[in-house]
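Pasting in a structure now, in structure tokens, and then I'll have a few things to ask.
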Amino acid sequence: MSHGYEAGRLDLPFVGICTFGKYPLQLDWNAIDADVAVLGAPFDMGTQWRSGARSGPRAIREASTLFSFGHSGAYDHEDDITYLPAGSTRIVDIGDADMVHTDTLTSHANIEYAVRKVLAAGALPVVLGGDHSINIPCIEAFSEQEPIHIVQFDAHLDFVDERHGVTRGHGNPLRRAAEKPYVTGLTQLGIRNVSSTAREGYEAARAMGSDILSVRQIRKLGTEAVLARIPEGKRYYVTLDIDGFDPSIAPGTGTPSHGGFTYYEVLELLDGLARRGSVVGIDLVEVAREYDPAGTTAILAAQILLNFIGRILHHRHP
Amino acid sequence: MSHGYEAGRLDLPFVGICTFGKYPLQLDWNAIDADVAVLGAPFDMGTQWRSGARSGPRAIREASTLFSFGHSGAYDHEDDITYLPAGSTRIVDIGDADMVHTDTLTSHANIEYAVRKVLAAGALPVVLGGDHSINIPCIEAFSEQEPIHIVQFDAHLDFVDERHGVTRGHGNPLRRAAEKPYVTGLTQLGIRNVSSTAREGYEAARAMGSDILSVRQIRKLGTEAVLARIPEGKRYYVTLDIDGFDPSIAPGTGTPSHGGFTYYEVLELLDGLARRGSVVGIDLVEVAREYDPAGTTAILAAQILLNFIGRILHHRHP
Amino acid sequence: MSHGYEAGRLDLPFVGICTFGKYPLQLDWNAIDADVAVLGAPFDMGTQWRSGARSGPRAIREASTLFSFGHSGAYDHEDDITYLPAGSTRIVDIGDADMVHTDTLTSHANIEYAVRKVLAAGALPVVLGGDHSINIPCIEAFSEQEPIHIVQFDAHLDFVDERHGVTRGHGNPLRRAAEKPYVTGLTQLGIRNVSSTAREGYEAARAMGSDILSVRQIRKLGTEAVLARIPEGKRYYVTLDIDGFDPSIAPGTGTPSHGGFTYYEVLELLDGLARRGSVVGIDLVEVAREYDPAGTTAILAAQILLNFIGRILHHRHP
Amino acid sequence: MSHGYEAGRLDLPFVGICTFGKYPLQLDWNAIDADVAVLGAPFDMGTQWRSGARSGPRAIREASTLFSFGHSGAYDHEDDITYLPAGSTRIVDIGDADMVHTDTLTSHANIEYAVRKVLAAGALPVVLGGDHSINIPCIEAFSEQEPIHIVQFDAHLDFVDERHGVTRGHGNPLRRAAEKPYVTGLTQLGIRNVSSTAREGYEAARAMGSDILSVRQIRKLGTEAVLARIPEGKRYYVTLDIDGFDPSIAPGTGTPSHGGFTYYEVLELLDGLARRGSVVGIDLVEVAREYDPAGTTAILAAQILLNFIGRILHHRHP
Amino acid sequence: MSHGYEAGRLDLPFVGICTFGKYPLQLDWNAIDADVAVLGAPFDMGTQWRSGARSGPRAIREASTLFSFGHSGAYDHEDDITYLPAGSTRIVDIGDADMVHTDTLTSHANIEYAVRKVLAAGALPVVLGGDHSINIPCIEAFSEQEPIHIVQFDAHLDFVDERHGVTRGHGNPLRRAAEKPYVTGLTQLGIRNVSSTAREGYEAARAMGSDILSVRQIRKLGTEAVLARIPEGKRYYVTLDIDGFDPSIAPGTGTPSHGGFTYYEVLELLDGLARRGSVVGIDLVEVAREYDPAGTTAILAAQILLNFIGRILHHRHP
Amino acid sequence: MSHGYEAGRLDLPFVGICTFGKYPLQLDWNAIDADVAVLGAPFDMGTQWRSGARSGPRAIREASTLFSFGHSGAYDHEDDITYLPAGSTRIVDIGDADMVHTDTLTSHANIEYAVRKVLAAGALPVVLGGDHSINIPCIEAFSEQEPIHIVQFDAHLDFVDERHGVTRGHGNPLRRAAEKPYVTGLTQLGIRNVSSTAREGYEAARAMGSDILSVRQIRKLGTEAVLARIPEGKRYYVTLDIDGFDPSIAPGTGTPSHGGFTYYEVLELLDGLARRGSVVGIDLVEVAREYDPAGTTAILAAQILLNFIGRILHHRHP
């Protein structure tokens, strides 16, 4: 009986260790040599409803292996493009930032440290949350970089300044970002329904340079018109809260909000962004496996990330 | 180390006892002093497929706490309105009607008794089912009130007269309602696919004053045209079967039926109703936690109810 | 105390043995006397990600009992037609093909044998998978029949020729079908995102007579235009991979792919097919109960099958 | 490619229609010709906590197919006996009693009718609940039979006379049984912790001829001493509430109570009963699939029933 | 049709608002007038593996309603005692301590504040966690009280002094307790397997007055011998980590450890404690609903607490 | 704000990539330099009931991270031994054998190839199934090694010779092993209840040198007496079917069988084996995440493996 290793492995999706997209593991952060570096930030002490977002990185990594069929790349018949071509795609998984239970500041500092390492290596950081508060250290890691414009997909504005002393919870990140001198503007997409931000938060956001659009407003405008409102040719940092999507496809999250985006609505906006400027940072947050019984939320996160990364790399080096 | 009570509680959504929306509990039904009174009716002996709807009131109450961020109200940036303003909103949770296992008639009588108490107090009854049969005693409690027009959101017509002696099951309520002299008409929205009602039921419904529209018919007509078919300026009783929504957002129900409403389709119709006349009674039925692994169905129920109640109160006292 | 049997059974959906639609069981395959014969093919050794599709036949059979209210048929108020009229509908459930663990060839041969028995009896075979590889023996059973045109609903092209010696996995069936001399063409609907088929597979498919359309392309074209691309008056074999539907309504499957069909998009295409030609074979594959916590995927499978069968029989004998 | 039917089917457990133990289906209750007849009684309107027991019959039937390997019988190496030998075992599944939603009396009457049919055929009735109230019509069906002694396995005494008019709920059955002139005594095993029966219920039970033992008392006594307390050579009716077992192996039930029986504790008592007298009726109640995520409760029910039936038939015809 | 309120409510377990045991709600902490006050402490930022323990209070409260049948009390036939007699039992639910996300110190301070309020009212505090770190503020609240001896049921020693600056995580509480001058000793029961405490932790614990016993050691000693090792006549503070129980009955927790206690092993030790001295404080921690699919863990927590409280009150006022 | 990396990582269990026990990943099988090499064998085409065992390796790896607290080792206070001391423990995770869907022989050959690589490196192979058929290639890989004695923990005998041509399914492995000239004997522990092996299988097993003991027989004998029946000083290959454990702690498996082992019963036998001879190979099979909603089965697998490996290494180099 012969085995199949001589001809190389078939490497079916359900086989093997779960790194992101089955890309190589690089735990030496001084030796990152890649276009894209994927980092886990399993922090959920910033949540105000159901916890669980610390399970996000492991859930997304495992789901991402579904999309690694060992082919020469990811052929998309609608675009007639093979994204992530096997030979030239340089992605690494650098593991997780170190978390310290009970200690928000140290955990956040550890995330910032890791993102700075990625930026120092010249790679695009893709950070898997964790709750949305992990966006705070991610943005702080850009303090020495060229200015950025933030594009957020989310049900919630997350623009609370401070309540009961809390400034680094999952309701605060976009406010923290807007305060940074190197953040030139914000585009906040999908915002809907009541949430943790009161009227004052909306007013403050607009005053600080934010363009806020609900799902219904975006549907009325259309993809192109929405893209046109985003300054062209900028360096974009994209923060994707999975609850920007509809709960029908993203039940696995702490605070689902009905009336959200479909898959293609977001993909088409991301595709437009990848063509419109330079994407310099990404985080995808709030996936919680505890509420994702069929795994579809984690699959959504992996699917949108791999498609977005593929488009970014393709339009950078077509 | 100081605590935080001097400055008031932060009162995060996951903290505290689960009354509806964290509004006050009023178990003395002779002392209801509110604009809205929320009642649980955990009855599921009327179901013909999966039971479990008795878990609805507890599931919806818990989910509703997600929407109570302790702010001054629920700010909706699309409408630029703060619904349910903290100072002036008078909602109470009056607990559940008493249920008697094996005994449909007594359980229904107990629901009717409770709704009559709410009406006597001049409050708007909002009843959390339970299966759709609990609509029967709810409507019966209106026998001494001014006439009402019923607006139903549902996958199923629920217009069976009698089968094997059953007249108070979850397939019978709209027929029971249509028989009442104080019910002036019915608008039945979302009705689709095969169900427990045969052709004769549809003919009877139309003969008794019903306007029946499927989800696809409503999409073709548009929200405004559908609203225009509902008599204006009437007293509306709204019965929301959660299975009127699509199973993608409402899996947690006994008899899901594919091809249902999205969240905003229903919200916009409810918003129109709140502007078009006076909503005098509401029930939301058929939420079953047993089939709601991510809690999204209960969240949907809470989200639509709080938004509907907010709009009713706002348009009553803008 | 009297019982209720004199007047016949009420036969509620949750009562009784789970045959498909509660239609009669016919385990003697030499005595099939029906218009439609439903067969289970619980095979999942062809899967490349999550297994579990062997649970499909039992899950779909149980879900199908939801739609058997013991009425005179299935009245559809939108079409004003009673499908599956009680007196004249001749459907039987013939149980499952025999499976042999570890042995793909014998299991497939057993499926082919059963489908041949159905065809020999002049009945329409409706096969409940199992993973998509079970389509291979189903199509092989048509070798002595008149030519067929295949219409596929699926997220994935499933057109891999051979990898590591595998020719009968769930990524191969449409390639195997296209090779058959009695398959005159293929229409592949819903194909999207990256999958197990590389660019070469798409090119081969088109070269072998396939018309490939994504969900978004179909939405742009509209139902009628899509139907117009399918040769008219042909004998259609329809293969429905449940993952052609969106994961929001079909989470219970091995390889969900976001951005899929809604319920009515598929139903309207199937309704058009039933009017446009003769449907001579059906399989519905990839339902896996393990990932279907609310049972909605199995309900979707049962709902679409019963509506499709009803339309086929109605348009055959209106 | 040849198929495998010439040599007979392998008939793996996951293949085929779910009748109890894959034994033949006999829906004509006037033609029952068997030693054992299995009946479903999917009634759960008698429950006082979580509903769902209506799913019991389908769950147990499906689980029972695990134990049907198509062998010549069930060989037990500890006893060195092949129970349920293929050639001579005469078991049939007669489907479910007809249920009428909202109507306890008719549903119970329908169960009684079915059990009477089984008794008239001379077969041993094995009834799959449904909640424990279904024991009431089962016992009533024995009114024309020789006297019986009831052996109950349960966490709860279920000896409530009447509360709020309820006499046929799942807290009443043993009281109803004790009132019958043809019930000569009761042995109530596993009773523990607080429950729906107050002190008066225990006193009444003892006064009416009941021997009540807790799990801990039984462990102290040992199997033989417990058996010795049960009158020898009698006709035993055994009612098995699945919550008599520990929640660790029977989580799938409405009202779990910690501190219950292990599998072998019950099996050894049942084995002793089968040797000690004549078992003339069995019900197994309160399995609720909604709370049985791994299916182990249904497997327990099937495993204990098949082993018990095997021992009854073996000791009757060794 | 008459309703049933004149005769009082039946008040079935599934009906009504979820306070602990359905005892009265007292949200004014200056007006606590009771023998026992139940407090929720939904904090889970101290966890090192799966989060979710913040859901504990709500899960336990809901489960506790199972045990409130509206009787005159909880009759235990083994002890022939009616615990918690209706007329004289004075228990209140005082809601939850206020939690501040991201902020361990303030959240802990708020718990301490609440426990001090209970102690000031002369009531027995029963605190529902939350992770085991909530024991730290609970013990700190006893600083002005007479000395206490701590009895812990747990799989883990939780005696880590400090790691990476963490001193108030769920691995630290017993070390924090042992440092207090008013803690006279510790009895640590159920400790087993590897965990977050290294050898040094065990040595330190013993040096600081701890008696450590594994489950197997306790089984060998027997209940009485274990009780004899606990100083008699002391004021006991009991901290129950639900993972002290076996994962078979307590799966719903963050860090399950196999080989744990059965229900009666713990109950009998608690019963002995209630007879042996004065129980002055209780916490039950680490219940996480996210991992409790059948609800049996929450039922276990409620069952052990209600039985323990009943025994404490009974032996205090027999 | 400073980060925490200078002092080394805290490396909490929920953080980081899931290799077994967080031990290093070694994907180059020609460079295995370790005492223990852990291999995944995600094959489930040999199952006869529920599939899903292919998820075992990923589930066990993730669960195993719970036990990696970054300490100096795993201190066991009962044994007063620190197993797996940090400095000197040489364990590697070598990823998974390559699987080929639909093809049992190639998949098995690939497993055999990998185990041979481990043996060639002089490491102890620890193979994570997959269904029990993966034991077949594991044993075949020992053909060039010194003779082995097999110790099996299992509910089922798995001694079927051939049925319908199947010789490498999960009912066949012990028969295949017994046929090998280098297998000197078998000890089969935990065998109980009916299963896929008929009486002839038991007779054949005994004839081929097997000692078969049920759980109850082992409990009567005691650990020492059971160990005494196993030839001393031999080279043991241990195959652990997770269904040897009781379903209460191992629900997450294809074919649970009630009445199984507790955790310590197995651990004590394994501890005895590690002292009694040389353990030269281990597989742990049949963990299926699909049926393990609380993750306790995977935790059990990881806990027993890490404790067993720790004891093997300790007694080899005390």
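Read from first to last, the chains carry the letters A, B, C, D, E and F; within each, the first residue is number 1.
Keep in mind that, in the parts below, contacts are C-beta pairs under 8 Å (C-beta built on N, C-alpha and C of every residue); 3 or more make two chains touch, one makes a residue touch a chain.
Since this is a predicted model, take the numbers as computed values, not measurements.
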> Which chains, if any, touch chain A and chain E both?
Replying inline: B, F
> Comparing residue numbers, which of D-E, A-E or B-E shares more than half of the contact pairs of E-F?
Replying inline: D-E
>> Just the number, please: Cα centre separation of chain D and chain F in whole Å.
In response: 37
>> I'd like to verify one number: the distance from the centre of chain A to the centre of chain D, where each centre is the average of its C-alpha atoms, in whole angstrom.
In response: 54
> CA centre of chain A versus CA centre of chain F: separation in Å?
Replying inline: 38
> Which chain D residues touch at least two other chains?
Replying inline: 4, 10, 12, 14, 48, 50, 54-55, 100-101, 106, 164-166, 246, 248-249, 291, 293
> Which chains are in touch, pair by pair?
Replying inline: A-B, A-C, A-E, A-F, B-C, B-D, B-E, C-D, C-F, D-E, D-F, E-F
> Which residues of chain A touch chain F in the complex?
Replying inline: 1-5, 9-12, 14-19, 25, 40, 42, 54-55, 58, 61-62, 93, 95-101, 105-106, 108-110, 112-113
> Tell me, which parts of chain B touch chain D in their complex?
Replying inline: 44-48, 50-52, 54-55, 100-104, 106, 133, 164-166, 168-170, 290-291
>> Per the contact definition, I'd like the list of chain F residues that touch chain E in the complex.
In response: 4, 7, 10, 12-14, 66-67, 69, 71-78, 82-83, 246, 248-249, 262-264, 267, 293-296, 299-300, 303-304, 306-307
>> For the complex, give me every residue of chain D touching chain E.
In response: 48-50, 157, 163-166, 191-199, 202, 212, 214, 216-217, 246-249, 251-252, 255-259, 291-293
